[in-house]
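Think of it as A, B, C and D in the order they're written, each chain with its own count starting at 1.
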Amino acid sequence: MRTLRRTPVSDDISRTRVEPFSDGVFAIVVTLLVFDIKSPNLGDPQSASHLAYGLAELAPTFVSWVISFTTVCVIWLNHCRLFDLIVRVDNTLFWLNANLLLWTSFLPFPTALMGDYSDNPLAVAFFGSAMLLASIAFILFRLHLQRHPELLREDVDLATFRAGTVSTSVLGPLAYVIGIGCAWVHEALSFAVYAGVVVYFVFPHAMRATRRESE
Amino acid sequence: MRTLRRTPVSDDISRTRVEPFSDGVFAIVVTLLVFDIKSPNLGDPQSASHLAYGLAELAPTFVSWVISFTTVCVIWLNHCRLFDLIVRVDNTLFWLNANLLLWTSFLPFPTALMGDYSDNPLAVAFFGSAMLLASIAFILFRLHLQRHPELLREDVDLATFRAGTVSTSVLGPLAYVIGIGCAWVHEALSFAVYAGVVVYFVFPHAMRATRRESE
Amino acid sequence: MRTLRRTPVSDDISRTRVEPFSDGVFAIVVTLLVFDIKSPNLGDPQSASHLAYGLAELAPTFVSWVISFTTVCVIWLNHCRLFDLIVRVDNTLFWLNANLLLWTSFLPFPTALMGDYSDNPLAVAFFGSAMLLASIAFILFRLHLQRHPELLREDVDLATFRAGTVSTSVLGPLAYVIGIGCAWVHEALSFAVYAGVVVYFVFPHAMRATRRESE
Amino acid sequence: MRTLRRTPVSDDISRTRVEPFSDGVFAIVVTLLVFDIKSPNLGDPQSASHLAYGLAELAPTFVSWVISFTTVCVIWLNHCRLFDLIVRVDNTLFWLNANLLLWTSFLPFPTALMGDYSDNPLAVAFFGSAMLLASIAFILFRLHLQRHPELLREDVDLATFRAGTVSTSVLGPLAYVIGIGCAWVHEALSFAVYAGVVVYFVFPHAMRATRRESE
């Protein structure tokens, strides 16, 4: 799997280091999301009802956190499935992967922003935009693989891979564009759309569909 | 161990990436717990007695930290032992694992909350509830494995595995429910229960019992 | 690849642990950079225009973040390519690697500083100095390898490796010294230089040049 | 290297997961140390001299950071060398390793404390105490291995291993006890002792001595 240096493909990067590096980034993002949830300040530190009220006020932060956590898991899962089809990582693919990691590692900021300003349409739209950029990063990644099938495993069927790219390019981005638009109608609507995307990807039938496409 | 794609089990996720990803999450949670312990503010920065007093006031934070650190180690150890019995990770198992990681990565928040409001019954009960959710996540994980023994190694005895699930389902959750209840009597009682669970799992004889069950 | 103990090279450190440790540090640095971008404080929490203004004010922070993220990716990539040529890690090389990790892990501080004080020449020059120290760490690493070719793979041509060290020693440090100088003329000029270095390393032709040298 | 389950040693934990988990903790600690260095607040944000003064005031924080970073690297290196001699990890060894990780992951707190209150003898003594606890954790780890030589590789000479434990038990702890004592005379004296320990371990001759002992 590892190509020898001095051959024409010698600027390849070892897949055995790109995968753990990416896994590290995903694991850290997923774990650090909770650190933006801060203990509420209480008038009376010993009062259970004060704390209950303080925790209830954090509700949008908890919802943002669960959505982001699950979204990063979905990204990680898609990353896993894509890398499973790859035999070589060239320089461009490395940077397209770095681009995906950039937007994934950015998610804690829009998550915190949406948690802090859950009534602000721009904060909610901003969250959707960050998600949109992450899903576009995936499309660019797939397009490069399509144009360079020598990076893919020999048993990958290009026609079905291409079909997978088309459906990936339409479904995710479309949902996020709708979510961004909804923010200007009502913020809760966007929350529902973002949560819907995640639920769609977590449920097995959706997964099975994605698999059929990518094979 | 890695199944070929296009076979009926082709939506499996490679165990070789699920394990390091999970290890990453556990390692980060365990390490970040200390970052919620903040330097005390001192009236006189150069006074040793002021600092001694400031550190003494942090005592419940230190206790919360040690309990959480050890609990995450126990979770990691159980995770290790369970994955040792697994040969394949299907889509549902992946998400049940993600659910376990979700509640584990959540622990720094209730830990900080209990450290900040150690005299507030709700803060102490909230900590127990988070632990309860993490232990329920383990039970769901085991139940799925029981219903899909094809994910387990061939030499795993299902009867003893099932017995292990029953004892896991009773012991941990029961202890946390008691701990949650105790919070409304006296917070220190809950601390003792939470610490007790950890001590039970750290001591070898408990371990040996768990092993006998899971084999 | 792993030398046996009790042989004359027995104080070698296993490459199989130095690489994941380093990857861990790079992955954490790259992911944590975003945590220095804090939600802006808004006069009216529900006003989209207030938030838009708040986000616009964060522009230099976003630019610092992208530059640092990409720089750490470049460092990681160079680290990958260098370790690909290495068969053994001796004690000195371990500490030269630790020195590189020290300056890499330091980057979040100058990044935050430059984000906070983008109009302060010293903040911008300080960022360049940290980058300069990281690139000097690379040179020291390469110089040790040159003096101890027994640590390198047998098929590495020392003449081309030396040529690579020379060009590495001139290009990166020179650019950062220029960037540091520019800070005292205009801060935006330094931003351009720092961004330029990154763009130079990301673009494939630059990569190809580097590769040709290091082989 | 991995023992089969159902044999008398079946509660062993796979070394292949303990090592990456530990590496993860070390990598995170080492990287997060810098996050306790906060941008100084400036009267005039654009003034280079204000910033220079602000950075100069952070000097003890920088020194604490370099000492802690290097100390964690030394701990990681010793951890590496010890695990190199180990073939099996039993339940007790797992928890002794967790104990070592506990004190290592604690270091960011005393580091921040010593940075914040570098003129406070207790803060400086507290840092030494945390180091002392980490070095005691190492001794406990070695003592368990001595009593259970079946966990060690067959070619490890127990007599030299024991001699190594003795010198480890005396050198490190003694230095930290002296450092703790010095804090009550003058804080800078303790800084010098802590830095001295690190320098001693970084320099090759010290390393060579340690190696000779542990082999």
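Definition applied: a contact is a pair of C-beta atoms (placed from the backbone, for glycine too) under 8 Å apart; a residue touches a chain by one contact, two chains touch by 3 or more.
Bear in mind that the values here come from a model prediction, so they are computed numbers and not experimental data.
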{"item": "Touching chain A and also chain D, the following chains", "value": "B, C"}
{"item": "Equivalent-chain rotation between chain C and chain A, CA atoms, steps of 5 degrees", "value": "90"}
{"item": "Homomeric contact chain A-chain B: same or different residue positions, threshold half", "value": "different"}
{"item": "Farthest-lying chain, centroid of Cα atoms versus that of chain C", "value": "B"}
{"item": "Mean-CA-position distance for chain D and chain C (Å)", "value": "25"}
{"item": "For chain B, residues that touch 2 or more chains besides their own", "value": "20, 24, 28, 32, 35"}
{"item": "Residue ranges of chain B touching chain D (in the complex, touch as defined)", "value": "19-20, 23-24, 26-28, 30-35, 37, 39, 42, 45-48, 51-52, 55, 66, 69-70, 73, 76-77, 80-81, 84, 155, 202, 204, 207-208, 211, 215"}
{"item": "Residue numbers on chain B that touch chain A, as the complex places them", "value": "5-6, 10-11, 13-14, 17, 20-21, 24-25, 28-29, 32, 35, 91-92, 94-95, 98, 101-102, 105-106, 108-109, 112-113, 116-117, 119-123, 126"}
